[in-house]
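Structures for review follow.
Note that subunit A is present in both complexes that follow, paired respectively with subunit B and with subunit C.
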Partner chain A sequence: MSTLRTSRAARFGQYLALLAYLVFLAFPFLWLISTAFKPAPELGSLHPTWIPKDPTLANFRQAFDEQPLLQAAGNSLVAALAAALIAVVIATPMAYVMARHRGRLATAATGWVVVSQAFPFVLVIIPLFLVLKNLHLINSLLGLVMVYVVWSLPFALWMLTGYVRAVPAELEEAAAVDGAGRLRTLVSVTAPLLAPGIVATALFAFITAWNEFFFALVLLKTPEKQTLPVVLTHFLGAEGVADLGPLAAAAFLATIPSLVIFAIIQKRITGGMLTGAVKS
Partner chain B sequence: MRCGKRRNEVDSVSVATATKRSGGTAAAGKRPGPGRDHSAWFLVLPALIPILILSVGPLLYGIALAFTDAQSGRTQPTQWVGTLNFQDLLHDTLFWDSFRIGLLWAVGVTVPQFLLALGLALLLDQNLRFRWLARALAIIPWAMPEVVVGIMWRLVYNPDAGILNETIRDLGLGDGRDWLTGLATALPAVILVGIWAGMPQTTVALLAGLQNTPHELHEAAALDGAGAWRRFRTVTWPALKPVALAITALNFIWNFNSFALVYVLTNGGPGGRTRLPMLFAYEEAFRYGQFGYAAAMGCVMVAVVSVLLALYLVGRLKGDQDR
Partner chain C sequence: MRVRVFTSAAAALALLLTGCSAGDDPEGGPIRLRFQSLAWQKESVDANKALVKEWNAAHPGIQVDYVQGSWDSVHDQLLTSFEGGEAPDIIHDASDDLADFAYGGYLADLTDLLPSRLKSDIPARSWETTTFGDGIHGVPFLQEPRVIMADKRILESSGVRVPTPEHPWSWEEFRRITKDLTASMGEGRYAIAWPLKEPVSVSLNLGLSAGGQLFHRGADGKVTIRFTEEDGVVPGTLRDQVNTDLSASRSTLGTGGSDALPGFFGGRYAMVPLGFSYRQQIAQQAPEGFEWTVLPAPAGKDGLAQGVSPQTLSIAEDSPHKKEAAQFLDFFLQPENMVRLARGDWMLPTGTAALADPSLHTAKDGWATGAAVARHLRSAPAQSVRGYPEWKDKVATPAYQEFYSGAIDMAELRKRLVENGNLVLARYQRR
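Up next, the complex of A and B:
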């Protein structure tokens, strides 16, 4: 964006700073990958190296042997998919109203979206725990999905409201002139234009649920029901003495889905943040 | 729906905004404004009902629980105890310790993170090569589960096999230490992780703010001979301020309420040196079953962050005015 003339020294300084940021942001992740591929003797060494001298997949095998990772990933997948789909289906019409309607309802909804960012989850999880217990939904993915849906709604609404605002109102006006009703307009004119935004929002809700830890820790009791982040903490052991190799391998695997999805929707997320968080 | 008059008001407002947005007058009166019919409610209900049942309801229930002696697995019925939990909290030095640590952590993460993210956002706003790589990398901490971030940094901090101590040894700065279990180093060590983990959101928000700043002003200032710092102070910062205020307030709130990262890194140790309020409340509620007491802690935390939230709202309102 800078069309301003920048001196060579300044440019050099900028690249140096950029390099420092790159190192700071990348090194822990590179170390995780490095650790995941190291055989046990190298992990015990006092002089660890960046590149494993004798790379191995043994840590991955051991990780799957030690903890029910596949089952946990399955649980995470089910919970995150269900939560993302439900959240988007119910959030889209509400976001439409919030974007186009300047009534009390929209104001209250916007207020809730903002206020809900400040909840300390402990104040919400205790009552939810009691309610879900009475409904026999503790240690159940269904209960967790219910919590995830509501928990992902604020951000989903935020993003979607931004996307709705980006659809020119003139198109809806034109449809109205042609005699289309409001729902008809919404379904046949607005929704198709919103589709990319809806997909991005769903993927974001998916990642949020896939990564979530606190609610899952409280609500899921038995290893067969637990999601991936909770099962990962079992690798840490009781005294925090961890088997580093399998720990790194499992942690690395758990990140891959989010990283892939994020790589796909990165532009849209930053766009959603821009329209949602800053412009609204 | 109270009466037709109210709805007409709503309609005229939405028409006015629609006209403003389209910059013209055509067809504005015929716009299918929500509020003209009842369908706004039908569109909102599918989300509103779950929100009321699973978010607003539990929040109110949680506040009510703070005034009871609710415990898990007890046979006697729960009773109202008035402000007893809050009185106990006042004298609970462990809670205030955790509260102090929570504030230290929230400030310690939010402020350096803001400065670092501002620097990165300014760099990414420039026309630099490899900018795409920085953008892509800056996203990684955001995409990772917090649990993985915690595990990853435990590997970095590991006293023997970790890269941090190895680097220290290579540089001849000593043997390094066990960062996460040292009484003096544990909190700074987790704060560094917090800074790292929250960089993307802050950077992206600031970058978005930067891209909203009027570029012509920037050039005009440069032509007038203003240096980089002066241009930043007189052009960039005034435009960025609402966004900066908003993201800082939100970051502070999120950090003050955070849990997973520190749970994985230290679980509050050593000796409670990193026991954030959420960790304390979690243990109180789900290890010792003191639901009422933990809910009271939650209420105190809400009271604190409400102040910040008010600041944030002011920032947003200002941002609207400036536009």
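Up next, the complex of A and C:
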């Protein structure tokens, strides 16, 4: 009885902690939505409210009037999707090798992956800029995608290596005993079990690229090439002054694609995990 | 089937990306200049774009491409562009950001490029803000004094003397008035709110009015920091308002200007010292019926003097078309165009002809007060001092923050600014 009560209390505490965490996470986003729909006088109110008293779409209209948001969103989408796709295509076989063939080379590669994550952007941007300039890839989405792929690849590799290690090697051995060749084993046995990991990694690469600001700022010169995070800064003035309403409206719109993609993909992550569990 | 779909998608993507690659200008076409503007408010962007359009229509041989930059990241973005040899031909920035670029050889010396009309139209005190070494590395064209935004009704009902540019408050009178005003406003309300997120620029720039200079350049060209009695007038007044008189809100000390506006609109603060361009936010966001006015900052022994870092236009040293870029600047900064730019940004032009424009002397939205203050504006004290950014971030900002909150006294503030500060400056001036 006592154990049951303790268990219920513990569970209640867990739910409470989860709720607090969710509220903490949701607060900025909900406040962003609220701000996006507030008219200018309400933005300067001493007693701000969650629900706008006089909701308006004026901020959205102004945001679209002042900045090429759709074009910027298109650029961001192309860059992020391409970066995610390419990163996963490159990282998957590399991760397989690193996970299955442990040796000095794999250890060194893992070490390099970890170290490479420690480089700050400002350290690499100038050499990178010069390299891309020589390749005529400044002010080009292709150049930006290359940077995003290189930047997200180490973490993608690290992530996928963990997923590959979680796939029991015995399954591959069993397939080999049943007569499946190397390629057949990889495609028919390993790849389906890796699907949730691949999807999660792609999602990581997508969101990293979608939110990235500094490289896009430096590498893209003309307005028609700029990505959404760069365009959002155009609502900011000197010394941190902001055109708050249109900025909130534009920022809210900028979150929608990643939310939609996450909503679609998260089912696949869960589904893939269950599939893997049954097979093993 | 899946493979075919994947291959098609990859091919489409590659084509799309390749199509987005940068293209070179066609040979034999007009000269193309890239103008990176930091204009961000709609009226300002519209004014900039309209001027570029007018120039392009009148000069088919020299076409200007408008590129939008942002204040938030301009320094890093320019630094990378300079290093990579890809800088815009014409660069919009603020004078306090130019020193390293100018000394680094990234900005062209405009001394012989600019027309005499423009040189004589802008006062020498403004040119000082963009003069580094022997060269002029930018045209200062818009400037912004710090003024006091005041709730008209509270001020008038209290019966205190309302200052004008001709008869401003002295710093002593200002302290006395804020004390009396707070007493008349009732509990939880304050005569003034100082948004001091950036305490250094406020302290140094307003400090000029009391004769504070802090940075002193010797005959050998080296700068040292000395903290005189005059340097303590403005910081001392602010500290007393917050900690002794309780006439200034403590809660706004760490906030930016926009954060104080809701309290201003709600009657919690009667006055908020802010940059001149904040009037636009007030005009947009103030609740209906809210009456506000613009007052000059208090004056000291040097009158209404205060330091500013004007917005500037520079030409990249690497630009192959410096002469054409200077021609564009001459057009862009014609008096009537400077007025358009100033009104778009709710700031003041540096040019004397533009500043005389009647539209900048109307009482509405406080334009007249700002225009009257404009002739007292000086170069910010640390404008061209190498090592100033490090001194500001590592030494001065924490020292002033602690001082204003009451954690340290004037002697400790002086000690930190001078002793630690001179160590920082010496390191830069050894080079």
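We take it that the second predicted complex is superposed on the first by the 218 of 280 C-alpha atoms of A that agree within 3 Å, B and C clash if a C-alpha of one lies under 4 Å from a C-alpha of the other, contacts with A are read in each partner's own complex, and residues count from 1 in each chain.
Rule of thumb we're sticking to: a contact is a pair of C-beta atoms (placed from the backbone, for glycine too) under 8 Å apart; a residue touches a chain by one contact, two chains touch by 3 or more.
Predicted, not measured: the structure shown is a model, and the values here were computed from it.
Using the contact criterion defined above for the overlaid structures, shared-chain residue A:56 touches neither subunit B nor subunit C, since it reaches no partner.
Judged by the touch definition given at the top, the superposed model places A:71 against neither subunit B nor subunit C. By the touch criterion defined above, A:266 lies against subunit B but remains apart from subunit C after alignment on the C-alpha atoms of chain A. Shared-chain residue A:31: touches subunit B; no touch with subunit C. In the superposition on chain A, contact is made by A:243 with subunit C only, not with subunit B.
When both complexes are overlaid on chain A, the residue A:140 reaches subunit C alone and has no touch with subunit B.
Of the two partner chains, subunit C is the only one that A:85 touches; subunit B does not reach it.
Legend: residue contacts after superposition of the two complexes on their common chain; A:172 is shown touching subunit B, with no touch to subunit C.
Comparing subunit B with subunit C, the partner in contact with more residues of subunit A is B.
When the two complexes are overlaid on their common chain A, residue A:225 makes contact with subunit C while staying clear of subunit B. Comparing the two interfaces of subunit A, the one with subunit B and the one with subunit C have residues 43-48, 122, 125-126, 129-130, 213-214, 218, 230, 233, 235-236, 240, 242, 244 in common. In the complex of the two chains, the subunit A residues touching subunit C come out as 40-41, 43-48, 62, 65-66, 75, 78, 81-82, 85, 122, 125-126, 129-130, 133, 136-143, 145, 213-214, 217-218, 221-223, 225-226, 230, 233-244.
Listing the residues of subunit A that touch subunit B in their complex gives 1-4, 6, 10, 14-15, 17-18, 21-22, 24-29, 31-32, 35, 43-48, 50, 89-91, 93-94, 96-97, 100-103, 105, 109, 112, 114-131, 146-147, 149-151, 153, 157, 168-170, 172-177, 180-183, 185-186, 207, 210-214, 218, 228-230, 232-233, 235-236, 240, 242, 244, 247-248, 251-252, 254-255, 258-259, 261-263, 266, 269-270, 273-274, 277-280. Contact residues on subunit C toward subunit A in their complex (touch as defined above): 10, 13, 16-18, 20-22, 34, 38, 40-42, 45, 65-68, 70-73, 76-77, 80-81, 83-86, 88, 94, 197-198, 256-258, 261-263, 265-266, 268, 275, 277-278, 281, 284-288.
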